[in-house]
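Okay, got some structures for you below.
Below are two complexes that have chain A in common, paired first with chain B and then with chain C.
Let's look at the complex of A and B:
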C-alpha cells in the first residue's frame, strides 16, 4: 500500500513539474488554396497567454522556401503577422494544401498550445483573392 | 412749395423749448443767453453737416460704411479661421500627387499588405514602376523597395 501511494505521489509531482516546465515546439502552417494557384498570403497568428514565438522558418514548396516576412519585434511575443509572395518563376504555384512555414514556440505546460490564425490575404499571381484554409499542426520529429 | 430746412426746424423747436423752460421757472433769462445757446446749436449742426459731406453715407447701410475698418478686420479673421479649418486634417500629397493613399499602398486598395509588395515586384520586373513607388529614395525600383513594403505590411502596431 505504501509503495502504491509513493508511486502515485511521484507521478503527481512529475506531472506538476512537467506543467511548470518550459517547452519548445515546432508547428507547421499549411495553406490550402482550394485548387487556385497560391501566390501570396498574409496571416496573423495569436498564441494563448504564455506562448512566445521564437522563430519563423520557410515552407517546403520551392516558391515559399524562404522564411516569410515578419516583424522581428514579434519574436518573444504572443502575436505575429507573417506574409510571403511568390512569382512562380522557380516552380508552378501550389494549388493544394502546402506547408508555407514552420513556427517555433516557447510555452509552459504539456498541452498543445492554442493558436488563433486569421488569414488576412491569400491571392493568385494576378492579385485575385482566394478563399483558402489554414491548418496548424505540431511537427513530427 | 418747399418744406423748411430740418435743421432750422430743430433750432426753432429748441428756441421754443428754452422760452417754455424760462416761463415754467418764472425767472428772467436774458435773451442774449438764448441767442448764445442757439448760436452754439447752429454751429454744432453746421459742423455735423460738414462732416457728413466729407464722409458719404449709404442710404441702406450707413453703419457699414462708418465702421468699415472693423468690418474689414472681422472678414479677414473669418477667412483665416475658415482656411485653417479647411486645411486641417488633410493629407499631404506624397510624391506622384496621390493624396489619399499611403506610399506603400501600391495597388491603391486602401490598405498596405503583402499584395502591394507582390504588385511592386511584378512592376519592377517589367520596368514599368513609376518613381512614386520608390520607397528608399534611391531613384530606382528594386528588391529593396519591395522588401520595405513587405516589412510595412507585417509590422506590428
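Let's look at the complex of A and C:
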C-alpha cells in the first residue's frame, strides 16, 4: 500500500514538475485571403498568462519570407502586434491559405497554450480590405 | 518499507519522471568542455619615470598587483559567461590630400563571449570540442573559431548612417557549440534590429529586459534549441551569444543600427570599429572588461572578458565593408584613413567605398572621411514624425569667424598614458604630439607634464613657466618615458586636476591615451567632480581606441576629442588643437525655439562650441514646424546670433532611434535612472545596458548534449603588443 502511495505521489510530483518547466513551442500562422491577392496584414496575438514571445519568423511565401516587424510598446504587455506587406515583385501574391509567419513561444506546462488572435486587417495591393481568415497551428517537432 | 525508503522511492521515481519530461539534452550541462582557464596575475612593472626628472608627486598610486589587464580577484564572470575577443588585420591608408590628423567619434572593438565558469574545465591549448574537426596549421596557426565572416553595409545620408552588420557563425567542430563573441560598435550606435538567420529562415529577435532575455536564452540553450542573445556591456562593447550550433552548420545574425557621423574641421567621418582593445582593470574591480589569452578564458574576474589570440595565431575571421554616401551636396574630397578601399563615384554627391579583398583582417577601426564643397555645410534641423510623435535633430555648425580675440595665457597640462598597451608606435606618436605641443607654447603660458601607468609622476611639483629652458627640460623628460605597466588612469586625472588653479590662465588638459581601461564610469565621474574651470581635450592614440571613453572625457571635460591614427602625423594634430583653443569657444548657447513646441531635448546642458566642431541636439516636438529657430551664444566679445532653418523632409525614422539613444546616454550619466532607461529602450526597441535582444528557434530541438562554449578569440589591435597587455 505504502509503495503504491509512493508511486502515486511520485507521479504527481513529476506532473507538477513538468507543469513548472518552461517549454518552447513554434506556432504557424496562416492567412487565407479567400482568393484575393494578399499584400498586407496586421495581426494582434495575445497568449494566456505566462506565454512569452521569443521570436517572430517570416512565412514560407517568398513575399512574406522576411521576419515581420512588431510593435515594441505593445510587446511589453505580451501583446504581439505584428504586420508585413508585400509588393508582389518577387512572386505572385498568395490567394490561398499561406503561412505568413511562425511565432516562437515560451510557456509553462504541457498543454498547447491558448492564443487569442485578431486579424486586424488584410488587404490587397490597392488597399482593398480582404475578408480573410486566420488560423494558428502548432508546429510539430 | 520504512518511511525513509518510501521517501527515497518517491524521489527516485520523481526524478525519473522528471527526466523524461526534460529536454533530451538538458541533463548534460556539466559536460561543457570549455576553454581552459588559468589566470595569470599580471605583474605590474615599475611605473615609468618614477625615478626620473624632478617629479615630486606620485599621487599615491597602488603598486604592483593593484590591477590587471586580465582581471584578478577570481570573481566569476557575470551571467556565467566568459568572453573572448578576436580580430586580426592589416592596413594601409589611401589618403588623398587629407591633412587632418585628428578624427572624431566612433568606437572600435569587437569581441566574443562564451561559456560558463562553473562548467568550464581547463583544457590544453587547441583542445576545443571535437579537436578532430579543427584545421591547424603550424607556422602561422589558423585556429578554427565560430565567427567566420562579418559583413558590414552602411548607407550614409547627410550625417546619419544606417548600418547593417551580419555576423556569420559556424561550427567547425564535430560536436555542438555555443559561440560567444564580444565585439565593438560605435559608442553612439542605436541598435534597433536583430534577426537570427538559419538558412533562408529569418527569426526576428525580441527586445526584453536584459535579465529576462538572458533567462530565456539560457533555458532555450539548456533545452537544446538554437537561440541567440545580444547584450550591451558598454555603449561601444556588445556580446553576441549563439547557442546550439550543430557541427558543420551556420547561423547568421543580422543587426541594424543608426548613428550620427562625427564632423570636424570640414570633414565628416564614418567609423566602424573592429576589435576591442585589451583593457586594464584596477584591483577590486569586477565589472570591467577583462583580458584572457586564448585557452585561458574565464579567469579575469571581470563581468566581460575578451580572449586574445597569441602572436602567430589567426582566427580565419574576415570582414567586408561597403559604405555608400549620399551627401546631398558635392563631395569634394575623401580619404580612407586606415584601409585600402575601392571607390566609385556614381555622381558628384555620392561615394561608394568598398574594402579591398586584401585588407579584410578585422584588427583596427575602419575610418572613412569625406569633405563636401566648401560653403555648403549649414546648420539645420531635420524632422520626422510618425504615430509616436515628432522627433528632430539639429546639427549646429559653428560659424567660420566667431571670434578673433587675442589668445589668452594658458596653463597647459599634458597627460601621457605610459602603460603597457601604449608600448611601441602609440607612445612614440603620443610623445611626438606632446613635443609639438610644447613647442607651440608661448612665453606667458605655463605647463605641466604628467605621465602615468601604475602610478603617476610629473615633471615639476607645480606648473612651470614656458621658458625655453623649461621646455628643453620637458623634452628631455619626455624622451626618457617608456611604456609598461597597468593603466591607473585615475592617477593621471588626479594629477591633472588636483592642484590649485592659476586664475591668470585658462587651464587646458591635453590627455593622450588609447583608453584601454575597464573602469570608464569611475574615470568620467572623477572628471566631473574635479573639473572646476579646466577643460579636457582627449586624444585617442592608436588603431582601435576606446572611443566611448575618449568622447566621454571630452564631453564631461567640456572640451573636444581628436584621434591620432597610427599612420597620421602628430604635429598637425597638435597644431589644430592649439588653433582650436586659441579661438574662444561659443559659450552659454541658448535656443529660442520660436514657437516650436519641443520637449525632451538632449543634451540637457548644451556644450560649448569650438571652432570646427559642431554640436548635435536632439528632441521631440509637437505641432507645426517653424521656419527656423534662433541661437544666441557668447563668443568672448559679446553675443552672437544666428538662425537655424527647420527642414520638413522625407520620413526619417532614424531620428526617433537617435533621439532615444541620446536620451539613454544622458540618463546613463545619472545613476538610479534604470527604470526610465529600460522604458525608453523597450519602447523604441533599442539595445541598452538594461535591455537585450533574444531570438529562439523553437521549431526544432538540436540533437546531442549541450554544446561547449567557445569564446571567439581575436587578435590584439594593430600596433598593440600582446606581450605588454595580454601578458602570456
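Throughout what follows, the second predicted complex is superposed on the first by the 128 of 141 C-alpha atoms of A that agree within 3 Å, B and C clash if a C-alpha of one lies under 4 Å from a C-alpha of the other, contacts with A are read in each partner's own complex, and residues count from 1 in each chain.
What we mean here is this: a residue touches a chain if its C-beta (ideal position, glycine included) is under 8 Å from a C-beta of that chain, and two chains touch if they have at least 3 such contacts.
These numbers were taken from a predicted model, which means no experiment stands behind them.
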> So, does A:127 touch the first partner chain B, the second partner chain C, both, or neither?
Replying inline: first
>> Taking the superposition on A as described, I'd like to know which of chain B and chain C A:87 touches: first, second, both or neither.
In response: first
>> I'd like to know which partner A:66 touches here: chain B for first, chain C for second, both or neither.
In response: second
>> A:76 in the overlay: touching chain B, chain C, both, or neither? Say first, second, both or neither.
In response: second
>> A:54 in the overlay: touching chain B, chain C, both, or neither? Say first, second, both or neither.
In response: second
>> In this superposition, which partner touches a larger number of chain A residues, chain B or chain C?
In response: C
> In the superposed arrangement, does A:21 touch chain B (first), chain C (second), both or neither?
Replying inline: second
> Where on chain A do the contacts from chain B and from chain C line up?
Replying inline: 68-70, 73
>> Considering only the defined contacts, which chain C positions touch chain A in the complex?
In response: 1, 6, 9-14, 16-18, 20-22, 195-196, 200-207, 216, 219-220, 223, 225, 227, 682-685, 694-701
>> Quick check: in the complex, which residue numbers of chain B touch chain A?
In response: 107, 113-115, 117-119, 121-122, 125, 147, 150-151, 153-156
> How about chain A: which of its residues touch chain C in the complex?
Replying inline: 2-3, 5-7, 9-11, 13-15, 17-18, 21-26, 52-58, 65-70, 72-73, 75-76, 102, 104-106, 110, 139, 141
>> List the residues on chain A that touch chain B in their complex, please.
In response: 39-42, 68-71, 73-74, 77, 79-85, 87, 120-121, 123, 125, 127
